[in-house]
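By written order: A, B, C and D. Residues from 1 in each chain.
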């Protein structure tokens, strides 16, 4: 398949079941909601070393937030519920409870309820106050700038992690420009996050390494400088490859995000140095979710 | 199906225990069976049809017409359906109600919503003492649900309250929120003396500055983030509490009762 | 003429039993250890011994039969007063059970202040002999004690000897709320009781602050109801420093609404002190004229104190709806039986309902009841039992004379049998 | 009227009859010998297939006195759960944890009980105890008067008065209070609490008097024996409920030096400190000591799961226990330089480790003590459970598989800490009859009660044999009290008043000299008004006095 001169590989991205949750951070203004959200979702690019994958889903209008203030919706993904709950609690405690004027709310109704502020309340040293409003329990924790308001729990749901596509371009600036365009469009899609810095990752990996202690290492087949040294997957004109990884609440959400992302890349087309779109997989053996690029773009 | 309607024929002198006439007890009952139910009235047991004329069939929608202040225990342990009271209700209205809705067009007596667990109770008129309280000897009053009173309430509203909301559009008598353990009582009108007496936890949300006792300490003026959420939850009621202009988030906070746990709060609108 | 010694009094509530009484026919004269409360009630003359129906003297059986008729066809009879001895209460409760009556002690609205506090959180209490021998610090809350129990101080606070106080006359007394009306609380060495005065109706506020201070919680105010916080702090410190502190109040003297919460705050404060490794006890003084007796007997017979109805065939306690005054004002009652064997001035509340009075000889009525059966007074006209105001000790009342008056129990049992 | 009970299977351990088919004749309230052939039988009950025992006797049940009425007043919510309506023959009231007096009588009778003994009669509160008990229909009653924390006795000990003086005081107190035995509760501890001592071990001195519990136990046990009271000193020991109190109990047994002593509600005094929770069963050691020391009798004070209220004279321990109050309300009192009381509602939960193990400890005790004549079936009503749970308790004792089924449902850690599952013993009907009838009558010294031989009062219970012992014992076919049929099919059909059982040990009248002086100086009542007169018990026709013989006294 070729779109606007860009070859869509007949391959697929392979993704895994994950557990996900969403939280809403509000603050006096968008700036402080965003600062808190960024901190909470920082250092959360890959479950391999961060314990979770997290990202900002979108900015929320005051009319969309529980307390009528500007807010940011964040999502966290992890391989299991236990790890997810731990990450959520640790990050909320360190990055939201601490952040001026912030408040923290559930982003998912239903699901399995996992602690959001339920245990953070103990920071209140007995001065904390519970409030049940419309069936939801909130905790009011006294802090130095006033009160930290947090919902007691949020929902945990089954989700999908590891959707991805690769952008193969003739130059590094062209690859980056294309990926940026993709991310801009993908951020408009609900229920997904792109957990890497700025949503773009340049260090795609393969399973295994020559070093026994490492489980993954650089994806040499897509490293342009190794074209002559390894079993490369790159044609000679490709000088730079970047990847966008997507975690979403469902396969359909990731489908949508991939489609708008790839489309944005293709809109730049061959004229802007974009050669190919490919994807990472493990031969279909490891993950039950397969995103066939050509089907998505059909 | 039309609402099952009990129209009081004449007012007995003695109080009537209405607890058998509640939706879940009448479910599936034929009108003739209902008519033959005996109600305790003073020493007597009186057949329903001796006191009331009956019409309608829908046992999940009960209307009591010509009601007056000696009909006690209306809606006792109501667990589904709705009851509308046209007129006044006696003591222990909605005693231990678990779900559903009760609406009273008139005034209600002592201990309305006593030990209420959930559901919605709306009173157009005034409520007597011990609204949402616990029976003598019991330690736990209202545990959930919402009470809306458009008129005034008597003394000790929310005594031993544990959870839920009591919304009062009018005034509250003395000792409003006494011995509260948690929950919220909001009073748009005036409050009497000894607000929150011996309260352990819980919130009294007041539109007007009360005469506070010395065992409550001023914690200053604050903007509290939970208030907009609380007010948003009132939007669904047919009440002045639902009006956008009613909402505020700026309050002066008083903590007490220091004689007790001291973790309760009186929030006064500023 | 005979003299009877060691006579216990059913009137003062204190169980004073050192009176000497001279009996001359049916005339009594207190010749030793009388007081303003007891003496007139012992010495009151017997003025009528005949029962009356509609104001006309009739035979006892006629009056009983008439009473039975009035009670039988009722929809909600009320038995009020309930001022009698143990046997009187036994008969009263048997009758009430039979006719489905509401039973209400006339002073229950005051006593309720204690009962509701007890039923909610309990208390740590003591009794008069412990006060006499152990109490080194007495706090009197909201009561002018000597007006209620004239000989309280003489008998329990300033005796010559106390088992565990080397110098009983050095006990310290503080009044909170009320100021003593006389000198009974003044120590033999002339030391006056300290008084922290406020309006009695302000006591809820004051005792709440006192409890907060006992618990070491912050109080920001500088005074409460005219009492300096510093004075209350000193009081809190004294309560905690006492070897055997006693806090006393009289439920009936806290005559404002919801005073149970004041009693509860005091009682919880006493528990707080005991949890801080000090000893302190409450001494909740309740009523007289059989109030405690009514509540005790009703307690073991029904499980509830004496504001309980039997209309459904089993006892149901309701401290508000079973109030005689409420039942009369609300037209819920349709007959009133008033039982008052101690005090001829304690007449039934005004009512248009059929009224039967089983009362102490000498009662005069603004409106003659349908039936009046004069009865003897327990402890004068017949033996019996009555409870002291500290609620633990039952005293054995003596028969001092024979004026031909039946006991309350005899009358009420006769009515029950006539039904 | 001559009544014949024909063909029932009789269990009468007092006469050594263990399940023998036997006819019983009743006349004028008593059991009589088989009459001559020509005497007409007025009423004949065919009891084929039925089990016949004498009326059961609860030798330790809190049915009278101030603490009971405090418990009642404290718990309106409990009464509301169990209202009891009047009938044409019975009075209304309330049931469950601390039933009203009338209901107490009915419910005991409906389980086949015909007597109950109040074990904690404060001398100053004895009048109330008798008045309450006088309002308990059907049952006979009696009381053990409480001594040991009264200042008068402690003053005597400090003043080194001789045993004779103490004997006179004890005998005088028994007579003044119209009692049939003497109890001591936390010996000296109630008194020590008034001096702000929060615990008192067996050999710990009262801070004011310098007297130890061991001293008090010894002089009182000696007094009870020497004045000839049948019932040995009834002891509620030190450290009730305290983990490790097993050792205190063993020391108490040793320390009494062979004198007769009854250790009451021993379950609450049989705790070790082993295991993760530092709480373990001492039942085996206690049972071994009881088996070895023939001077010792015990009752168990079994706990059973559910809501109840604990009412005790031991205000020192009750104050310490108040943090377990459920619901959270409680009362303690210091009383008249005489004693005290503490009332704490309790909810025993099978999923609470301590409660579950307490349950197992009680049952272990029942099953490990060999001699049924020296152990008695009690729940220490209402402290361990209301008396209405006796049929359930009997089933636990008689039915191992049922017992093990219940055991399997309790807190798992408690299951690990008890040997109950391995104990195979099942009580026989004869042993139940000993524990609840013959043994109790023998212990208390009741003549003419607790047995079915001619001459005895006709207190008789008839059950239908049923493998489900709970059902069998909760609903007797017939109960006769003093020959009157009072219960049919587990329901009261007629009522009467029982008698008050007492003893009247002799004392030197000069004992009143010191007492009068003490009363006048320190107490709030005159000595003359303190003593309960016979007519106080009998005057209104509700009760009568039955005086039982003294031991070793003609």
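We take it that contacts are C-beta pairs under 8 Å (C-beta built on N, C-alpha and C of every residue); 3 or more make two chains touch, one makes a residue touch a chain.
On a predicted model such as this, the values are computed, not experimentally measured, just so you know.
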item: Pair joined by more contacting C-beta pairs (A-B or C-D); value: C-D
item: Centre distance in Å when chain A and chain C are each reduced to the mean of their C-alpha atoms; value: 76
item: Centroid spacing, where centroids are CA-atom means, of chain B and chain D in whole angstrom; value: 47
item: Intercentroid distance (Cα basis), chain D paired with chain C, Å; value: 33
item: Sites on chain D at which at least two other chains make contact; value: 74-76, 328-329
item: Numbers and ranges of chain C residues touching at least 2 other chains; value: 119-120, 312, 317
item: Pairs of chains found to touch, sorted by chain label; value: A-B, B-C, B-D, C-D
item: Chain C residues within the chain B interface of the complex; value: 74-77, 99-100, 116, 119-120, 204-205, 207-212, 215, 217-221, 223-225, 229, 257-258, 261, 264-265, 268-269, 311-312, 317-321, 330-332, 334
item: Chain C contact footprint on chain D (complex, rising order); value: 66, 68-69, 72-76, 79, 83-86, 91-94, 98-102, 124-125, 127-128, 131-132, 135, 151, 194-196, 198, 208, 319, 322, 325, 328-338, 343, 521-526, 528-529, 532-533, 535-536, 539-540
item: Chain B-touching residues of chain A, taken from the complex the two chains share; value: 66-69, 103, 126-127, 129-134, 138, 140, 146-147, 149
item: Residues of chain C defined as touching chain D within the complex; value: 6, 8, 15, 17-18, 86-87, 90, 94, 97-98, 115, 118-130, 132-134, 155-156, 159-164, 243-244, 271, 274, 277-279, 281, 295-297, 299-305, 310, 312-317, 383, 385, 391-396, 409
item: Residues of chain D touching chain B in the complex; value: 74-77, 80, 327-329
